[in-house]
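Letters A, B, C and D mark the chains in the order given here, with residues in each chain numbered from 1 onward.
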């Protein structure tokens, strides 16, 4: 079959990410079992109360043992787990994919499903806006230098080095508690119930301000620092010197530099996504924002192990998808990658 | 070397260096000056700062100032420990993959990319949770942090090793009859040292950060007060909403200060060591 | 005949990051006539490449103007402000062919688009279609396959990139072209075709005259009418090509010429009597 | 004289890189014989396979096929091989580790030797080798490579050869990174060394002038094959292969029309 270089690149990435997904699913099974106790013991320890009839407890344990296939060899357990997860994803049956939470006798998806939109709604806009603005500011700093850069650089450095949750804490304390400009907690007022009414939406946006700012500041800082040094590098390249010698305008040069420095920035983004998303989950805890991050927090507190595991998988999958999108963007924007694919063909 | 004298002439490096090592000294030497226990109930819950309790007390009436000092010390300890593990792992994996090439390199690169793409915090949460509260000593937490955060260093060191192995001084060492281990240690490693040193600083910062992060989640070490643990307590006791600033702001400031000073040290070193950026002036 | 370009006592310095001034070009004078090629010979580090910037009056930090003049069309372009220099002179009246042609093209821009950018800088009144037409014609005229216009630089070989760069540098029929080691990274056969292309551009009148900088003297012998030998930022000797190559006066030029004649396929062979090897 | 077994002989020597679609043949079924104390020049443009050919002789690159014999024997013990076959590389700046002094880098050669020397003996040998390449031992021994000039470093590389005293020296573009004026003196130094050690030198170069100046025989390489193998006068005056003809035609020389009719 004849494929264009871009298609080839696309498919090679698809395979890579599918492979990574499989590894992630396996890790998701293996990692929780590294410890001394198995999931059934963990759950039982939580359920057993002094008043519980030992017979009922025993019966419950039996059922859990069957559910978790705990008596089968580990590789069979792994196989079953991978099978159910993938089958669930393919048939879009999330209850099959993630199973039930035994703490509350509800399917895990009942927790993850409602939490995910809040997390995505927080992460995606901050990431996109932060990325774009950060790059513009970074390029400006590299190009203008001078006073602007002298002020801007340490500030960006500050925001990129401060942990997300610390920024969140400072913002909550200053703007939420002391000044009372913005609500410090939750995603919407307690008296409201979710609907598409203007009151509700504007209340959500009002609550959105501080968590958004906390993440946004860090993203912008990080992107700006990276873009600044990439642009400085690009400004010293031969093609920029040549363009200047041919009388290219400043604006022209800035456009070249911006475009070409964006590419390594995108690669950097792909590499950093895992770190960034992990850090940003903590923001939700500070704001009691009802997303996956807060879900982690409560499920750890309640020792609700299936929810934790499912949350870990869903976050990993989201990061993999984001990574994949960035990779494909790079392939589209950078002619060098297409040519490299063609070279492999020759 | 000349580069190091240049480094100490760089004001931002100097300031961050002084701040960081100042904090290290405080973390090391405070028991000489401050006596007190981080866990004993010494006062009433949520006492505001006074001359007696410099930073007030928390929900259990523990002295926040003493807790903060202990927290600083254990956070630094995690940073150093986890940073060392991550750096050593990253350098070893990167050097071997980059120098050896072939199948081994393919496997190591794949592993590295996996660790980069999969969010390390998620992995940390799963492992820490499975260890159970009794399994998480400060050392164990440091080790698992180190074992999950090496990939960035490995990636960069691998790239360097790969280009260095083409250099003629490596060929010359081969012609002198030296083996792989000796060549990696004597001919490749020294050239990556300035990078490795910078990576170590970042890894220390990562170690401190990741510990604070999982402690915030409630999965921190059981045997020590860390800065993350203080924040977690404040969170649980809803100190934030109640405006008891002394039970969380100082800890957050300390984490920030540690991170910022390490980052500034790293970037100012980069401008000195990295000739690409040096051209800028 | 009046010279097109007159350089008078031009000096250029740059500042190091420790604030020291390095005088890379220390007072250089020469004249260039229509249709002639002026060769500049010297080893690496003698200030040749800094001189290129000086000749274009293009002073970008850390490079600074010290003194002297560059007179073209009766005007001293060192006195021009940046915008005037950029719009009226660079690429249009004085153009250059860079040393590192391999990296001189923007890697993410098609040849056509880059060339269009260059044209639009000087002729904003033109539209893209006109420019593309002009590009195709010009590339065909100078013996370049117009199809390369649709390529990205990575898709071109080293020799092809160099030719594309020459094509772009001479788009606006510059009066003076400065070629800074235009072929040193190429293999000999490609080098020859590139030099031929340059000479052809001169014959066709697309280029008025040329300044050719290289450390390869035999090459310079074939292309230059006059040669200056540069050493530590100064011209130690300037003269007609034959005189410089065969009867150099200055000790440095003499040493340079000796070195090349000794190691040439026309020179004497290493004393064969000492050798024992025999052709199998 | 070319009696008995030749010093180096190659039969059907092939080297490939990569595999599958990306497979690239750098050296393709090459045959040659090199005799004792000969000076051979391998001329070729970049990508012609000359450096790969040299690396195979240096046992730095394994051939994919064919045989390569030294005095009739295949390479078995690399240590022993490197006692006999050594190299001088193109870029003197890249040939030394910037982190060690000149002395310790020369001391590293003793790793090849089976003989045991005392520290004093080693020092004496190093001093002698440095003097033989016109370097003052006291002035350079404690220096780091970056404190020396390119010419000095290239001399150091030659001093190293003087210490090891191999039978075969492979010199990969030994003068291309040095300024024109010191080029000839480095070359003469190598040739003097050859006389003293009675070794065979194989120059790898793209400079046909250099080949003409020094060699007994010139190999011209093109696309992984040796297309010419003869006395330099013969190769230059009467090239057999069309590639050589074109190459000679394209090199600018002083006494021949190159571009347009003579001035």
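Throughout what follows, a contact is a pair of C-beta atoms (placed from the backbone, for glycine too) under 8 Å apart; a residue touches a chain by one contact, two chains touch by 3 or more.
Note that the structure is predicted; figures quoted are calculated from it, not measured.
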- Query: Quick one: which chain's Cα centre is the longest way from chain B's?
  - Reply: C
- Just list the two chains that share the greatest number of C-beta contact pairs. A-B
- Query: If you average the CA atoms of chain B and of chain C, how far apart do the two points sit, in angstrom?
  - Reply: 52
- Message: For chain A versus chain D, what separation do you get between their C-alpha means, in angstrom?
- Response: 55
- Item | Averaged-CA centre spacing for the pair chain D and chain C, given as whole angstrom | 33
- Message: Can you list every residue of chain C that touches 2 or more other chains, as numbers and ranges?
- Response: none
- Note on the structure: Note: chain D residues in touch with at least two other chains are none
- Query: Of all residues in chain B, which are in touch with two or more distinct other chains?
  - Reply: none
- Residues of chain B touching chain D in the complex: 167-169, 171-178, 186-187, 190-191
- In the complex, chain A touches chain C at residues 237-239, 241-249, 252, 256, 259-260, 263, 333-336, 339
- Provide the residue numbers of chain C that touch chain A in the complex, in ascending order. 56, 58, 60, 85-87, 89-92, 95-96, 98, 100, 102-109, 114, 117-118, 121-122, 152, 154-155, 165, 168-169
- Residues of chain D defined as touching chain B within the complex: 58, 60, 78-79, 82, 86-87, 89-91, 94-100, 108-109, 111-112, 160
- Query: Which residues of chain C touch chain D in the complex?
  - Reply: 43-44, 187-189, 191-192, 195-196, 199, 215-216, 218-219, 221-223, 241-242, 245, 255-256, 258-270, 274-280
